[in-house]
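What follows is subunit A paired twice: with subunit B in the first complex and subunit C in the second.
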Partner chain A sequence: MTEKGAREEQARPNTNGEMDNPPTAGETKALAPKPETPNLLQSAKDAEVANAPYELLRVDKLGFYFGENKVLKDIELPIWRNSITSLIGPSGCGKTTLLRCFNRMHDLYPNNHYEGQILMEGRNILDKNEDLIWLRSRLGMVFQKPTPFPMSVYDNIAYGLKLKKITNKPRVRELVEKALRQANLWDEVKDRLKENALGLSGGQQQRLSIARSLAVSPAVLLFDEATSALDPISSAKIEEMMVELKKEVTMVVVTHNMQQAARVSDYTALMWLGSLVEYGETTEIFTRPKMKMTERYVAGHFG
Partner chain B sequence: MKPHMGRIWRNRLALTLATCSALLGLALLFIILYDIIRHGLSSLNLELLTEDPAGPMGGGGLKGAFLGQGLLTLVATLVGAPLGVLAGTYIAEYGRDKKISKAFISLCDLAMSLPSIVVGIFVYSLLVKPFGGFNGWAGAAALAIIMIPLVTRTTETMLAMVPWTLREAALALGSSYSQVIIKIVYRKAASGILTGILLAIARVAGETAPLMFTSFNNNHFELALGKPVASVTVTVFQYAGSPYETWIDQAWAAALVVTVVVLLLNILGRLAVKWRF
Partner chain C sequence: MRAKKAANFFFFLLTCLGAGSLVFLTAGILVTLVVESQPGMERFGFIQFILSRDWNYAQEAFGALRPLTGTILAAVFAVILATPVAIGVAVFLTELCPAKIKGAIALAIELLAAIPSVIYGLWGLFVLAPFLEKYFQPIVGKIFGGLPWIGPYFQTQMAGGLNLVTAAMVLGVMILPFIASLAREGFAQVPEALKESAYGLGATCWETIVAVVWPTSQKAVLGGIIMASGRALGETMAVAYVIGNRHGALESLFSPYVTITSVIANEFNEAGPIQMSALFYLTLALFLANLIVLTVAKRLMRKS
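Up next, the complex of A and B:
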């Protein structure tokens, strides 16, 4: 396969700067977070800290408006590192809207604005001057419908790497393989890396989308009902993969599937009409909720 | 009679009328084609494409006219296609939610239905009169002006058909919008845009009126765009109206070649739609 990948790579025109890039120098620079973000894995001492529960994101009095319409109200929520947090709630409760605040997807459209803060390691990512390109490479997103780019399987994954200026061919191949393995897709596509990604099945396309997001090594992966369009077996594969991925990435998952939230997530937040009803450890939320509404919702009485 | 028999008969009537109209249209098209082939084929020979024009006594060919037309179309495409694609990109992408985009679309539709002779006269006043004579640049410009709205409109339509989630997915990876358009959206819409360009070329390759006032015609072999440049369509127009039998025959043969080329471009355009990357 590596050979296959190599030919693939050569077929592509103009990967500029490949010669003057010593194997890793260019790319470690690109991978390293910006100076103002503390890098927690820098020393052995920090590695210890890294295993301790750590609040990667803190949603602080977040409000969000579509025009004059306030659709998120004073959301307070921590996102713990290397955990899965599910956002549940009935349709229209604002869970997807909240998810899209994390990577500032709303900024693509006019007439909306944020209130309050989302802190990522102390930095307010809702800041007007935030570098959205950097931010979105740190917080990847997987959508409800699979979104394969109209190119080969290999190029789909390499796309994000090129954005990060990783063009050293062996390194790109290595990272493509790593991402596909992380997404449990490698064995299924290793012989068809050059084929058009549109030829994959729906479940494979979705895992490809996940692999593509993982390739740029984000800190957070946001799932927007990522399994709702898939069959149970494909969903199960993705759930399995998510649990494995916790070692490397923090996940926030919007889901309508209560069982899925209960199965995969460590923390659960229930939203209703744009407000946060209850947040807690998933076992607590599903077995001993503090709020009557949570109890009724997780039991399937409404929504 | 059963109560619904009336509806059945009305349906049959509508079906018959529609079928007859379709057949009539097709029949006319085939009569035209048949006529061109019948007249054109008999005087079609290689000299038509390789020789310079001879007098009305016969012989010679229309090399200059064919090459001239090809050159004018090529220059028009090199100018018109990129401008059209970029304009379509603005309307579908950057100006998506703006009122000005809707205005542009209306203007494009208006420009597409503009009689091509109007474009010819417009370019005449702009690029022929002030420069003191007919020239090839003016001809190419007139063809480009006809192409731009066609390409703009197809590009805009094709880009709008690319699902939004694809753009969001690329943006969510940390691409800039221009990267998303160039690397993802264009790729997805490529076959459609290519079809639009090919059909636009087919459209202008058979134009006569806009060339009569601009590049005019030239009995001598001339491919310098600063001078009048011969074109097949204008030559056909002149030869067909001449009293000489030999010229009329050559006009038929040249018309056949133009028809076949335009037909091939159209077929190529239809095929390109199915082409995938």
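Up next, the complex of A and C:
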């Protein structure tokens, strides 16, 4: 990575003012700056910077406790920018717990505490003084079951924008359409934007949930078994969308479906009993795992 | 096998009897009310009875308008006073309260519901009424008393502190735990994942409640509020203590007044035959009012 790129990346996440400023907030991908002027040389250079492998998140000696119970032990893991990292492992291994550390979802419930660090470009997001509202708008989350809000399709997407104080109507319209297109949902709902979102099918509702997260242009999207409640066609649509989305966001995916992990992710981490067993490029993990346990797990011998 | 079948049938019969007795009781009460109010019905008719302001022992002329108005006003004011507090309590308990003190607050609310209504009546009579008369009524009179048209309704005309507002406040405290627990139940039904996805977008607790918790649970909560107003309609003892029991025009919110239940509690002891029948007739009206309220509440809650 060039020095200029590094400086830009360092500066951005800390400039909160930028997020409160409607005209730039939506279009500025915090991590992939795009110049407005179509200067070919410049944009080529920027594209190179944007595509350079870059460690967006680093999980550093992370431990997590539910009360006295230590459920995550010493997790060490990088999350590379503009890639998909999947977390696999048997039920109860802590993969969802790990995922929910990234956006501090655990903080909604009492008697939990963290150990170690998760660094987002040098900033420890597990810090007690971290602004969780800001953090959660940077790291969106998609849940196992679709969670449309009880309002219209349009308002569902516009909701996150409203939270970011983006209220300029044409701008909101534009961003809503963009988010729905990103989630491959636009063509299906463009004539029913005013209808209640609860009337959509399960797969559509899930893509709506994804579009809603995308609308606030997060740096990271966290998927918590987001396709496990859907039929194969709907999941295939979402997988396809995830691969396309790599250009714009970094994704961390918890899945029980190993084929899915193998198909979509660039990196895979296997967890077992709250510890990280092995982490590596997905092809390595699935074809030449270093650990015996990984080999047995991906072959379906346990879990 | 046959013994087992017989036992099963016996069990069915037993439960059936329990359930049937309830239906029988309700029907019996309704029949009693209708039969006992027959003389009154014949004498006053229905519309005339409901719309008549009379309550004259000498001429044996009785009408339901004032007790009915008093009942409805007291219940409505009570709900208006209690609802914001109760919803606040419910939101605090489900969304904001630290786990450590949650149990203590929930217990306090349950205890509030367990206090017998006569105690509320005594508290209203000896504590709340004097307090309101001394500190609350003069202030309200000063602020709103000068307004055109509605001004007189905020002025105190009769001393004693026993009036519609006091009754509504006592009622409000009594139904508060009821609304709070029903609202809590409603809020608790909102799926965690739905709330989490609002938080996950960067919503604050308040924004989550407005966007997700309230829209998903509002019907259950509204149903609870209406159920609570049904309770307020039928509450007797506490109201009989603090309403003032005066069959007169409602010149002010701080006038002593009557409700159906307070009239019944106070007068059945010395009532003549026609008056007695009128009291039963009043009860029938209350019964019907409660039935309507309950039906509406059930409807709303089923839809949610």
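The criterion applied here is as follows: the second predicted complex is superposed on the first by the 255 of 303 C-alpha atoms of A that agree within 3 Å, B and C clash if a C-alpha of one lies under 4 Å from a C-alpha of the other, contacts with A are read in each partner's own complex, and residues count from 1 in each chain.
One rule holds in what follows: contacts are C-beta pairs under 8 Å (C-beta built on N, C-alpha and C of every residue); 3 or more make two chains touch, one makes a residue touch a chain.
Predicted, not measured: the structure shown is a model, and the values here were computed from it.
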Superposition on subunit A - do subunit B and subunit C clash or fit: clash
Between subunit B (first) and subunit C (second), which, if any, makes contact with A:I133: first, second, both or neither? both
Just checking: does A:N82 make contact with subunit B only, subunit C only, both, or neither of them? Give me first, second, both or neither. neither
Per the contact definition in the header, classify A:L163: touching subunit B only (first), subunit C only (second), both, or neither. both
For A:N196, select first, second, both or neither according to whether it touches subunit B, subunit C, the two together, or no partner. first
Using the touch definition from the top, say if A:Q117 reaches subunit B (first), subunit C (second), both or neither. neither
Examine A:N184 and indicate which partner it touches, taking first as subunit B and second as subunit C; both and neither are also allowed. neither
From the superposed pair, tell me which subunit A residues show up as contacts to subunit B and also as contacts to subunit C. 103, 105, 108, 110, 133-137, 140-141, 143-145, 147, 149-151, 159-160, 163-164, 209, 212-213, 216
Subunit C touches which residues of subunit A in the complex? 103, 105, 108, 110-111, 133-137, 140-141, 143-145, 147, 149-151, 159-160, 163-164, 209, 212-213, 216
Within the complex, which stretch of subunit A touches subunit B? 103, 105, 108, 110, 133-137, 140-141, 143-145, 147, 149-151, 159-160, 163-164, 196, 209, 212-213, 216
Subunit C residues touching subunit A in their complex are 98-99, 191, 193-204, 207, 211-212, 215-216
Under the definition above, what is the set of subunit B residues touching subunit A in their complex? 97, 165-166, 168-176, 179, 183-184, 187-188, 276-277
